[in-house]
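Chains here go by letter, A, B and C, matching the order in which they are written, and residues are numbered from 1 within each.
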Amino acid sequence: MTILLQNAVFGLLIGGLYGLGAVGLSLVFGVLAVLNVAHGELIMLGGYVSVWLFTLWRVDPFVSVLAAGPLLFLGGAALFRLLFTRLASYSEEVRIKNSILIGFGLALVLQTLAILAWGADERAVTPSYAGRVAAIGNVVVPLSRLGAMALAFLVLGGLHLFLTRTRAGTALRATADDDQAATLVGIPIGRIYLTAFALGSALAGVAGALVSVSDAISPAIGLGWTLKALIVIVLGGMGNIFGTFVAGLFLGVAESMSGFLLGNAYREVVGLVMFLIVLSVRPRGLFSR
Amino acid sequence: MSGDRQGLLQLEGLTKAFGGLLAVSRVSFDVAEGEILGLLGPNGSGKTTLLNLVAGALRADEGRVRLAGRDITSLPARTFQLVRPLSKLSALDNVLVARLYGRDAPGFTAARRESLQLLDVVGIRGKADAPAAHLTLMERKRVEIARALATQPRVLLLDEPLAGLNPTEVDAALNIFRRIRDSGITVVLVEHNVRAVRALCHRIIVLNYGQNVVQGAPDDVLARPEVIEAYLGKASADFQ
Amino acid sequence: MTRIRGAAWIMGAFVVGALTMLPLVTSSRSVLTWGFLVFLYAALAQSWNLLGGLAGQVSLGHAAFFGLGAFVTRVLWLGGQSLATALAAGTAVVIAAGILIGAPTLRLRGPYFAIGTLAVAEILRITTGNLFPEVSTLPARSLAGYALAPRYYLALGAAVVSTLVVWALARSRFGYGLAAVREDEDVAEAIGVHVFRHKLAVFVLSSALAGATGGIFGYYHLSFYPQFVFSPLWTFDALLITFLGGAGTMWGPPLGAAFYLLFREALALRLVEIHLLIFGALFVLVVLAFPGGLIEAWRMFASRWIAVRERGG
């Protein structure tokens, strides 16, 4: 019983990051109808920002979040200008299809760049509090993971406030709902696209830095994170931040439990199978626009 | 024309309501084999709804549709509607794919030959290899018509094929339709352009408020005061 | 246009003839290996081209079928079956998998099909890695009699066959139906094309060719981890080569494969990863700016050249 509870706690803690990792992708897909399958690589880059700052100047990974977010925001803006602006003129179907292809190529480029820059091995940050835990009864809670989860929750709350309480956020939501109508009411749609993509990338960067708090970073982790983000989006519903967060927690717990019951090697498979089941019940996805 | 002879296409008391609005109300008529029947009526008179009922795109609330005696009222959508061309394929390929999957489809070589003939009929054989996206609106309409013919439908349903064309283009289109008429195909034509209807159709049915108001030969029907009244102020200029 | 096509055919026949002779005139391992890889990648890309190029269904799970074919063929072959039996059985398993995987995923539209196939491939990759963690190495008796020529001919055959399949499809009723499906599924259905049946048929055909190509790789490669043949890189290579050469064209994949391997070998001498970087960027560039690939560029060049010549003569 304690072991089950322990696994559930671990699952919840990692699941918070799954939600944060997915919300950027969901935002970009919702606003631009661009499916950036290189989203996981952006998370990986966010992780390397933290690893790098730690290696160079011993910067605490929680502080690195403040660098990873803005850096990936700028990087995302540049990628959008370079690769995705041209897609805006296509019909939605063509846009999605081409964005998948472009994202596929981009993922390879980013992964290879990471290998060239930092090598193919895993890198980890080792802050002084790594390994410290709080014990509640017999259940152990790693403090670094708890902190990452809390910060993920805060960022998602901030995003929610931004989308609902600010002018730019409202314009973003209007564009996601109907970009033609948004254009008609005078929303500068090109700038909204850029903002959405940059913001989505920044969220990936923040997620990556938080991942580095307690997990090793390597150039190869991107695809896994992209898949997790897609699973979470399909489970949680599109454009629903709260739903995304809950779906992230759910995926985390499901992985953790199945890892415990079926063996650690199968934890990834469970999410993918859930994903396929949901898709086959709702062929256009739970997040059909 | 439809007197005692059984029509190829028979409509019996077709009725369709949207919410409380009766779009088509107890419409009955026959279309004989080889006949070109024109459906006229002001906007909102139920012409397009009626066409969709016949095509199976909409389900009738009441009434029957029979094709060659067989009840097809509740079969799924079956009839070719004018749809957008496949823009990256050439004009010829657009027609060819329809011929290959149409009724009584021949082998590949014969289908290709027939498709070229159809492009000839609609007068754009010279553009056979051009991608549909590069064609003008008029040329695309011709491709669509050739493609509709290529499926060899028992009955060809045309919903305002002349819409959006300028007068010169209408003349060109009329020539095409005359050739199609002379090939003996059965056509139900919904069209606003009265001149076109007069020139092409063997018989006209005028709908108003979803009901079959008048039918008969074009010149007789178009001379009837109630028909002129139904159109007055809207398209009266077309009568000349 | 006809003249260019005729010339291409004669050139193609000549090239295949010359390639058939190659093992007779040289026994250079590096030359034959390079040839083998070009054919292998050409066949793999061509199999993706059937599905993605002709029918417009962008699958990101192609590695699943390549891997399954490679794995099953190799296990049976190393288990003592004849190569022909192993290849046939491997392909048969892949056909069955193609039906099982295609039937549900092809109902998904747009991005969901791409992601769904990727998810299936990843499930297979992870599960295979878990179930068969041991590296698969050819036993000493096989190594002693290992000859490159039969592998070379098999791969050449796969490349030629898959290219001929694309050629035949492009001028068949089925091929035209696929083109209609690719351009507009609603219109295709209105014309009378049974969209789902067409998609499933081409999916299974494409999987079978990928599986057979995988089987040849399983027969060729000295030692690999079973997980390796399911790596998403196989899918990426197939996409890259197809788009580089020209998606939906017949000559695109073989041309793209030759180009890809030429540069990969040249670059690999300097730095192993750099070719991935360059080709990843090149792929993005092709998707963005030259959707017709090398073939389109060649056609433009050729028709201009003819125009110039005719004006001159």
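Rule of thumb we're sticking to: a contact is a pair of C-beta atoms (placed from the backbone, for glycine too) under 8 Å apart; a residue touches a chain by one contact, two chains touch by 3 or more.
Labels paired with UniProt names: A, C = Branched-chain amino acid ABC transporter permease; B = ABC transporter ATP-binding protein.
None of these values were measured; they are calculated from a predicted model.
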Check your understanding: Which word fits the touch map of the chains here: line, ring, star, complete or other?
Key -> line
Point to revise | Central subunit by CA centre of mass proxy | key: C
Exercise for review: Report, in whole Å, the distance between the mean C-alpha point of chain B and the mean C-alpha point of chain C.
Suggested key: 46
Point to revise | Centre distance in Å when chain A and chain C are each reduced to the mean of their C-alpha atoms | key: 32
Check your understanding: Just how far, in Å, is the C-alpha centre of chain B from the one of chain A?
Key -> 53
Practice item. Mind pulling the residue numbers of chain A that touch at least two other chains? Key: none
Revision key, fill the gap. As the complex stands, chain B meets chain C at residues 77, 80-81, 83-89, 93, 96-98, 100-102, 105, 108, 111, 147, 151
Revision key, fill the gap. Contacts from chain A onto chain C in the complex sit at residues 35, 37, 83, 86, 93, 96-98, 100-102, 104-109, 111-113, 115-116, 223, 227, 230, 263, 265-266, 268-269, 272-273, 275-276, 279-280, 283-285
Point to revise | Of chain C, residues touching chain A in the complex | key: 58, 60, 104, 107-112, 114-116, 118-120, 122-123, 126-127, 129-130, 232, 236, 239-240, 243, 271, 273-274, 276-277, 279-281, 283-284, 287-288
Practice item. Could you pull out which chain C residues touch chain B in their complex? Key: 171-173, 176-177, 179-180, 183-184, 186-187, 190-193
